[in-house]
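Next come two complexes, and both contain chain A; in the first it sits with chain B, in the second with chain C.
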Partner chain A sequence: MDLSAINPLILIASLMVAATPILLAALGELVVEKAGVLNLGVEGMMITGAICGFAVAVETQNPLLGFIGAAIGGALLSLLFGVLTQYLLSNQVATGLALTLFGLGLSAMIGQSYSGVTPPPTSKVDLGALADIPVIGRILLQHDLMVYFSLALVVAVWAFLKFTRAGLILRAVGESHDAAHALGYKVVRVRLLAIMFGGACAGLGGAYLSLIRVPQWTEGMTAGAGWIALAIVVFASWKPMRVLLGAYLFGGVTVLQLNLQAAGLDVPVQVLSMSPYLITILVLVIMSSGKGRASQNAPAALAKSFHASS
Partner chain B sequence: MRITSLLTSAVLALGLAGAAFAQDKTKVGFIYVGPKNDGGWSQHHHESALKMAEHFGDEIEFVFQESVPEGADAERVMTQMALSGVDLIFTTSFGYMDPTINVAKKFPNVKFEHATGYKTAPNVATYSARFYEGRAVMGHLAGKMTKTNKIGYIASFPIPEVIRGINSTFIHAKKANPDVELSVVWVSTWFDPAKEADATQALLDQGVDVVLAHTDSTAPLAKLKDAGGLGFGQAADMAEYGPAPRISSIIDEWAPYYILRTQAVIDGTWETSMTWDGIEQGMVGIGAFSDVIPEDVRAEAQGMVDAIVAGTYHPFTGPLKKQDGSDWLAEGEVADDGTLAGMNFYVEGMTGTIPN
Partner chain C sequence: MIRLEKRPQPSKAWIVFTPVVAVLLTMIAGGILFAALGKNPFEAIRTIFWDPLFNEQFKAFSRPQLLVKAGPLILIAIGLSLGFRAGIWNIGAEGQYILGAICGAGVGLAFYPSESAWIFPLMVMAGALGGWAWAMIPAILKTYFNTNEILVSLLLVYVAEQLLASMALGLLRNPEGGGFPGSRNLGQIDALSNPELITGTGMHWGVVAAFIAVIFAYILLNRHMLGYQIRLTGESPRAARFAGVKPKLLVIFCLGTSGALAGLAGFFEVSGPAGQISIDFNSGYGFTAIIVAFLGRLHPVGILLAGLLMALTYIGGELAQFMLGLPAAAIQAFQGMLLFFLLAVDVLSNYRIRIGHGSEKTGAA
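So, the complex of A and B:
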């Protein structure tokens, strides 16, 4: 097999683009689940973010405002989920699924007048001469702002959960909401904030699709990316760095298999098509198996409803 | 158990009652594989259906269901439509073939029209367009317009319709430019804008500068507009991406057929048939050639369109060999419809294998 037709530098650069939407959505969901809430509405929040960001960017001709709009749109939609599950104590699984259906419908409605419209281009970050550094320059220093933002967010979430007091409270709420409540922490408020953060991240991921990766608005354009993000959170055993690995692995194999085909290599297409799912799951499962604590890393209060009276 | 069976019979009774009430007005239903505003395949079926509905006005009732996955779900949607008294159901994707046949068996009085398939029954007709005629023209343009001598093709599923398009494109690109290479990327979906865009990017990364797509969204053109390169409208004109990257297009014109068949149901003259029309009958339209194409190339392409319409040129005319080097068509011989309808091989010169 001749692999020389594939330029690894370009491949790595484009896998970062392909992985960013899933990475953002998965990071948000990780924080939500760490707070003990299971929000299955990631797909719905992503697609809502995709159209909110697209609409704002087109109306203002400013992609940055578009991303802010996407985050707000995703957060607002997730707030709906938050109110239903935290105040009205509805079932989280059912509400999350409903949120996906609702988001798909809502985005289709908002997006009616936006099909066929071209969004304003998002400029790459200009790093001047740095971008011309061999290898590193091509891989790392010629991206748009959102790629760097998503990477910074991985570090921020990791540090927040590991080193800050607020992160400790969030984890406490996710592990045992009764204990956290007894200590005087506002369980519902913490969870609502986490849910909104998750919604905002999913919204950003969606907008990355509609503003940069495709770039256009099409109904149903997330096509299951939200579910991949959900799966990656579980397989990454709720660790931010592994979420990064999982998202880049998934994005990487997806791009690689398309490139292998484009380069005309004679590998069965069926094998290539399922490889992103297979490889990502395999690697992450192997990493979290064994006797370490990783395999039991799920927040203990995940998907359990909390009410102060119980 | 009793409650469920009661409910089932209640639903059935309701459905039958609906069927009885609806008999005075012909009800026509459509099932789309993608959203009705995907900008391509499904949208064009929907627009043609709307033209049909407008043509008949109050004479008929028009219903549709969008984003129906191929498989078990399709069968459920068709059954529901048939139960609700729809007289004529158009199922507009290749993957609906077996579901259509299955459901048609249960509802002998409902007429079904399946797009792009090859299985018929007394109450199932098929219809398709000779897209390969359009592909021949696009292939010629692609061969002439590429500067890197590499053209790319985003393919959905390895079905005869798609393989025909690839072969037709390749034959004519090669005629226009003997140095041309064609890279095929199979994305295993009709509609996934992100994947279609990624596939486009992968082709561009491999040095391709003209991309044809046999998927349903406008994502490949959106990506080309962003990253550079030329492409074509597919199923719909996609004129909003002209004059570049979209330099021409293959347009599906279903409306006349929908009107014809609905009229037949109203008149009670509907019979099963296998319709396969091309540019001549107007089922395949060729979108305007962009000014980006040099004058003489535009004239050549138009000449090919005219020859196909006049019947003096068939895109699959010998001498042609199969990919494995075996003979297929002798000098001057024209491919028969049977071989074309079941085409499962590449022509000589193509690289790669067809997934199965």
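So, the complex of A and C:
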């Protein structure tokens, strides 16, 4: 084994890349849950976004259009969830699961003719001489646009929820839909918009996987990333900045275990491969027990259906 | 305008009728999907739902497959339905299924080449125990640490898949297999195999276990205190606590039972139709069983019928793949669609649809 082959600078830089899909999906789900909706279909929306983005990018040879297509694909799929849970008042847990099962099938179907195709490369943001600054330049300033976009989105979501009137309404809907309804806010409309935002974010996250991180299309390529995004929202106690922390922590574990595999650490490959999932479970346990119980931070109306006349 | 009005009691008629409506709607939407893929929709639907059972050419092969596929689906779905009724969401049955297979096969192979008649029952118990233990992880984390069982049970599926790979490549690998991954073929070892009990029916011990599970679940839910508590918890958790239901015990019971049944399903599959532990042994039964449980309205008899129907879509899907070149993924999407339609139509059993003006209050529309 040769641990010296692991360069810490490259490790940190690549953990940002590894974390970005989960960061995007988790941010979207955070907004959805803040509005009082639990969408367990993140995995399905991510993989649908992955193939939509991939297909659009390959057909147009333009990765940016690919990302836009992924966001639209994810949002459309989430709209299905929105209509079912908001208008037809179906159980959110069951509908979310249905979304995941359907999304996995749908994406595999669309993706048949795309396996083995190479997507157009996404260029890195050119920061000129800045990128050559030692340490910081290598870690922070040599990424593609989506990494910066995801970081900007963290700040935007945080500011939106904390400082804007719309953010306040969204949180009110999530804490008590009856009170929000009595005040005249359109509960269903707010929730639908939140769900679509969540879908678009998950779609972007999926496309980041298929267009930049891997970059290729394989069936079921999200491999639980959507579920980990859901776990990170709990880990973050529904706070955007902590989502960033959680996603990067997870990205770090993923990259580290891949590096250890490559370095030939004397541990079975399968044990290393299962470590990100085990660590996610461990973190969930720590966060949901004890004094600082994350669950106390959960939006009060989470996963409850809203029906105005009842 | 269209308005929804909550029924005081869910409509009994619609509860029975909604799955039928959902299946019909899925056939229509599926037909459109297949047409979009450039296939004749009527031919595709007929190939999936009719040909496996009644086509002269295929029925001899397809009919036994019905029970082979329905067995594990029903067995897993019965277990899941208990928890779903009480609001306890075990969605990691796929992982428990894998662990059941590993433990059952592992115990059997440990005794190789003994031919004792005691080994098979021991393997059955090991299989159930393996699934049970894997489901106990989310159960204990839920009861002691208040951790969300949905996420933990699901994340454990990925862990189980890695474990399966490591077993197929390491501990359980066939020492006479020339270095190929995968265990010895249990089907070729009499003491360890789960054979077809009646030739030409597809009936094996797993199918028998599924039927027994249906009967037990029916008695449990209708005639037993515990079943009453499960139903009560699902309908009103607060009332259940006043009635003396211990929520923690219920979590442990529901997750444990569903895990044990999923483990059994995995074991019967590995010792029967699948034959060996291989890297890609699991085929998604644990997830499809979620659809089966809902399609069967979480009712044991309903699950029996839903399991058979879902098995039919598997077999018909394979047939359509072979005959019409319909992609395998299309069937997966088709099954997902079925759950969507079911959840959508379900609104009819809990709400009345009112058209026109009623009161001033705006409905959910």
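Convention: the second predicted complex is superposed on the first by the 270 of 310 C-alpha atoms of A that agree within 3 Å, B and C clash if a C-alpha of one lies under 4 Å from a C-alpha of the other, contacts with A are read in each partner's own complex, and residues count from 1 in each chain.
Definition applied: a contact is a pair of C-beta atoms (placed from the backbone, for glycine too) under 8 Å apart; a residue touches a chain by one contact, two chains touch by 3 or more.
Remember, predicted model here, so these are calculated numbers, not experimental data.
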item: First, second, both or neither for A:213, with chain B first and chain C second; value: first
item: Which superposed partner A:112 touches (first chain B, second chain C, both, neither); value: both
item: First, second, both or neither for A:278, with chain B first and chain C second; value: second
item: Which of chain B and chain C A:258 touches, first, second, both or neither; value: first
item: Chain B versus chain C as contact partner of A:308, first or second or both or neither; value: second
item: Which superposed partner A:27 touches (first chain B, second chain C, both, neither); value: neither
item: If touched residues of chain A are counted for chain B and for chain C, the larger one; value: C
item: First (chain B), second (chain C), both or neither touched by A:35; value: neither
item: First (chain B), second (chain C), both or neither touched by A:7; value: first
item: Touched partner set for A:236, first chain B, second chain C, both or neither; value: neither
item: Where chain A meets both chain C and chain B, residue numbers; value: 108, 112, 219, 223, 268, 270, 273
item: Touching residues (chain side chain C, partner chain A) in the complex; value: 3-6, 37, 89, 91, 141, 144-148, 150-152, 154-159, 162-163, 165-166, 169-170, 287-288, 290-291, 294, 327-337, 339-340, 343-344, 346-347, 350-351, 359, 361-365
item: Residue ranges of chain A touching chain C (in the complex, touch as defined); value: 40, 80, 84, 86-91, 93-95, 97-98, 101-109, 111-112, 188, 219, 223-224, 227-228, 230-231, 234, 268, 270-271, 273-274, 277-278, 280-281, 284-285, 288-289, 293, 295, 306-310
item: For the chain A and chain B complex, residues of the former touching the latter; value: 5, 7, 10-11, 14, 17-18, 21, 108, 112, 115-116, 118, 121, 209, 213-216, 218-223, 225, 254-255, 258-259, 261-264, 266, 268-270, 273
item: Touching residues (chain side chain B, partner chain A) in the complex; value: 34-35, 37-39, 67, 152, 181, 183-189, 191-195, 197-199, 201-203, 205-206, 208, 217-219, 222-223, 225-226, 240, 351-353, 355
